[in-house]
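Both of the next two complexes hold subunit A, though its partner changes from subunit B to subunit C.
Here is the complex of A and B:
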C-alpha cells in the first residue's frame, strides 16, 4: 500500500497547480522567458556589431597611418554575451517572482478557503512549508528555463567554446539568478500573507523592488535609474566622497540589486578591472543572507495567518 | 426660486465635475495619493542631492588638479573645467518621474476604476441622470488632476531645493523650462494612468488588469529603451568602443554610416516607447543633453515638437478609447 502524501506536499502541489492556471502569472512568466531569449540575441547582436565596427575602424586607422589597437571583442569573455539576462532578471524576473509569491497565498485568501484548510488535520507549519516549497518549485522552474536558454545559446552559436571553468561560472550565475528571484518571491509571499488587502499585498513588495532597483543604487553609486538597467553602465565607480563612502557602508549590505549586478558581472566575466561592489559584504553572501531573512519573514507571516478568516479584511 | 437659479452658471455642478470632485476628495481622504507622491518626491530628491554631491566632488577634484598644475608652473588649460548648468542636476529626478511616476500613474488609474467596483457602487452611480461617458470623463479628469497636483508638488519642491542648493539661483527662463517639463510630465504620466484605468474598468478581474498594466509599463518604460540603449555599440565596451579605439567624433560619424540600418532598427525600438520621447524632450529642454545646454527654449521646442506631438497624441488617443468603450455595469460588479 502506498503511503499517503504529507500535508505539506499536498499544499505545495495544489498551490503550484492553482497558480499555474492564473493567466497573469502565465503572462509575466511568458514575458520573462521571451526576454531571456531576447537577451541572448541582444548579447550576440551587440557583440558582433562591435566586432564589425572594429574591423571598419581598423581599416580606417590603417589607411590614415595610425596605430591599430587590439580588438575589444577579443578581450570580452563569451560568457558576457548573456550580460543582458542579468538586467531582465532584475526587472521582469523579480516582478514575476513577486506575483507568484503573492498569488500563492492570495488565491487562498481571495477564494475564502482558509477556514476550510484550517479544519483539516494539518498544522500551520505544514501550510507554511507547503507554500514555500511551491514557491521554490516554481522559481526553480523559471531558473531552469533561463538556464536552458543560456546553455542552448552557447551550444548553438558557432565559434564559441566554453571552458570547464566557464561552464561552472554559468551554473553559478544561474544559481545566483534563481536566488535573486527567490528573495522577491518570498517577499511577495510574506506580503501576500501579512497584508490586510490584496492590493497592499502586491504594492508593498513592488514598492520595495522599485526602491532596491532604482533608488538605492543612486545613493550607493550615484547611478541614475536608466543607467541602472544597462549591464555595463550600471558598473560605475562611485564618486570619491565621504557621502558615497558612508552610503555604501550603511546601505551596501541591503542594496540587493547592486549585489546581484556585481555577482552577475563577476560570474559572467564582464566586471571591469578596478571596480568592486560598494558593499563590504561579498555580493553572493548578501544574496544568501537576504534569502534567509526573506524566508524568515515569509515563514512568520504564513504561520501567523488567521485560518478563521476567509477573505481579505478590506 | 429654485436652488439651481441661485448658483452662478460657472459653478453649476455638472456630472463630470461632480464625479471628479468626489474622486479627488476620496483620494485625498485615504492618503494614498499623498503617500505615493511623497515616495516619488523622495526618489527625485535623492537623485537631485546625490547628483549635486557628485558634481561638488568633480569641482573639488578639478580645483585640486588646477592648483597642482599652477604650483608646478604649468597652465591649467590642460584640464577641462566641469560645466555647471543647475537644471542638469534634475536628470536623475526626471528619470525617476519617467519610471516611478509612470508606475504611480498606473496605481492611480487602477484605484480610480477599481474603487467603485470594490464598493459595489458602480451600478448605483450609473442609475443617476448622467451619461456613461460623463462618468468616465469625471474619473479621468480627477486622476489626471491628481497626477498634475502631485507632479507640481514634486517639481516645485525640487525647484526650491535647486534654487537654494545651486548657489546661483534660478532665473525666469529656468522656471519656464521647469513649467514646460511639468506640463509634458502630466501628459506622459496621463498615458499610463489611462492604460491602467481602461484595463481596470473593462477587464473582468481588476487585480489582473493591474498586472497587465504593469506588464505594459515594463515593456514601454524599461524594456524598449533598455534594448535600444544596449544595442548602442558605444555602450558595449566600458568607457565606449570609440574611446577605447581612440577615434575622434567626426571619424566615428563616418564609420557609423556603414551601420545605418542597424541604427535605424535601434532607434525604432527606442522610439516605439512614449518614455523615450519624454526623455528626449525633457533632456533637451533642461539642457541635460550637452548639445542643447545654453540653447534658447524656442528653437528647442521647435526641434523637439515631434516628441511633444507623440506624447500628446498618445494621451489623446487613450482618452478617446476610454470615452468610446461602452461600460457594462453588470460585468463590472466586484470580481
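Here is the complex of A and C:
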C-alpha cells in the first residue's frame, strides 16, 4: 500500500503549482530563461566569430608560408564566455526569486485560507517546511534551466572542449548561482509571511535587493560610475583609502552581489590576476552564511504566521 | 455519566491587556447542537479560535473529543471541522480542486471520491467544476461546509454560519446542520446572532457577555421556563449590554 504524502509535501506541491499559475511569476521566470539564453548566445556568437576569423586567417597565413599563431579562443578559459550570465542572475534571477518567495505565502494570505489550513492536522513546522521546500524546488528548477543552457552552449561550440576540472567549475558556478537566487527567494518568503500588507511584503525585499545589488558593491569595491548601472561592476582593485578599507571590513560580509561577482569570476576563470574580494570572508562562504540567515528568518516568519490573522491588512 | 465531548476549563484569552474571554468553563455533551450567543465583541469567535486550536489560550484549557487543545492540537484537529464566518477559498481554483486540497491535508483516503460524496450529500455537485471566484455567499457557505466535513469530524464548529445569507440560504443551512447532527452524529458548536435559529436548531445554549459566561442551559429547559422565541429574545437581551442599557433607560 502506498503511504499517504506528508502534509509538508502536500503544502509544497500545492504551493509550487499555484505559484506557477501566477502570471507575474511566469513572466519573470520566462524573462530569466530568455536572458540566460541570450547570454549563452552572446558568448557562443563571439567565440564562433573569433574562431571563424582565426580559421580564415590561419588558412591564408599557411598558404603564404607565414607562421600561424595559436587560436585566441584557446588562450582564454572557455568558461568565461558565460560571464554575462552572472549579470542576468544578479538582476532578473534574484528578482524572480523574490517574487516566487513572496507569492508562495502571499497566495495563501491573499486568498484568506489560512484558518482552513490551520485547522488541518499539520503543525506550523510542516507548513513552514512545505513552503521552503516549494521555494527550493522552484529555485532549483530555475538553476537547472540556466545550467542546461550553459551545458548545451559548450556542447555545440565546435572549437571548445571543457576539461573535467572545467566541468566541475561549471557545476560549482551553477550551484553558487542557485544559492544566490535562493537567498533572495528566502528573503521574499520571510517578508511575504512577516509583513502586514502585501505591498510591504514585496517592497521590503525589493529594496533590500536594490541595496545589495547596486549600492553595497560601490561602497565595498569601487566608485566606478558603471557600477551604478551594472550590478556586476568592474573587477578592479578598490581605491587605497581608509574609507574603502573600512567599508570592505564592515559591509563586505553583507555585500552579497559582490560576493557572487567574485565567486562567479573565480569559478568561470575571468577574475583578473591580483584581484581578490575585499571582504575578509571568502565569497562562497558569505553566500552560504547568507542562505542560512535568510532561511532562519523565513522559518521564523512562517512558523509565527498567525492562522487567524494571517490575512493581509491591505 | 459519560465525559462531555467539549469541556472548557477556565479558558481565557486577552489582547493587548484587554480580556476577550474570561475564565470560561462549561461542558457540551456529545450529539448536541450548541448555540453560542453574544453581542459583537463578546468573545464568541475568539472562543472558537481557541477550541479549534487556531489560537492558543492565554490561560486555562479545553478538551475537544477527549484531547487537550494545548497538549494535543493535532489530535484535536483530526476530529473537528470548522466553517468561518466568511468562507475564503482559492478563488482561481474550482470548488472540487479546493476541496481535494483540503481533503488531502486532512488525510482523507481517495480524496476525489470523498469530495464527490460530500458534494452529493450537500446537494451541490453542480458547483464542483466551477471556479470559486464567481461564487455567491451562499455557494461559498456550502463549499465551506463541505470542506469542514470531508474527514467526517466528531465536532463541527460554525462561526455565524447564517451571516449574510438570504432566508432560503438560512433554511438550507439549518436543514444541513440538522442532518449532519441526526444522520451522522456530529456535535455542532455554533456561534450565532439569530435567536430564531437557536430556537429551531439548538439543543442547548449559552450566552457570552464581555467574555464572561452569563447563561448556559438546555433549550427545552429554557423554552419551558421562558416560552416562545419572543421570550427567548427578552432573556438574551436582559443578559447582554444592549438589554442592560434598555433597563437603565
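Assume the second predicted complex is superposed on the first by the 271 of 314 C-alpha atoms of A that agree within 3 Å, B and C clash if a C-alpha of one lies under 4 Å from a C-alpha of the other, contacts with A are read in each partner's own complex, and residues count from 1 in each chain.
Note that in this section contacts are C-beta pairs under 8 Å (C-beta built on N, C-alpha and C of every residue); 3 or more make two chains touch, one makes a residue touch a chain.
All figures in this text were calculated on a predicted structure; none of them were measured in a lab.
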Partner chain(s) touched by A:239 [first = subunit B, second = subunit C, both, neither]: first
Partner with the higher number of touched subunit A residues, subunit C or subunit B: B
First (subunit B), second (subunit C), both or neither touched by A:267: neither
Contacts of A:60 with subunit B and subunit C, given as first, second, both or neither: first
Touched partner set for A:305, first subunit B, second subunit C, both or neither: neither
Touched partner set for A:119, first subunit B, second subunit C, both or neither: second
First, second, both or neither for A:5, with subunit B first and subunit C second: second
Subunit B versus subunit C as contact partner of A:99, first or second or both or neither: first
A:210 touches, of subunit B and subunit C: first, second, both or neither? first
Where subunit A meets both subunit C and subunit B, residue numbers: none
Complex contacts: residues of subunit A adjacent to subunit B: 23-24, 27-28, 31, 35, 38, 42, 45-47, 49-50, 52-54, 56-57, 60-61, 66, 69, 72, 76, 84, 87-88, 91-92, 95, 99, 198-199, 202-203, 206-207, 210, 214-215, 218-219, 222, 224-226, 229-233, 235, 239-241, 243-244, 272
Touching residues (chain side subunit C, partner subunit A) in the complex: 49, 52-55, 73-75, 77-78, 80-82, 84, 86, 88-92, 101-102, 104-107, 109, 147
Residues of subunit A touching subunit C in the complex: 4-5, 7, 10-11, 14, 18, 21, 107, 111-113, 115-123, 306-308, 311
Partner subunit A, residues of subunit B touching it in the complex: 39, 42-43, 46-47, 50-51, 53-54, 56-58, 61, 91-92, 95-96, 98-100, 103, 107, 110-111, 114, 207-208, 210-212, 214-215, 218-219, 222-223, 225-227, 229-231, 233, 235-238, 241-242, 244-247, 251, 254-256, 258-259, 262, 279
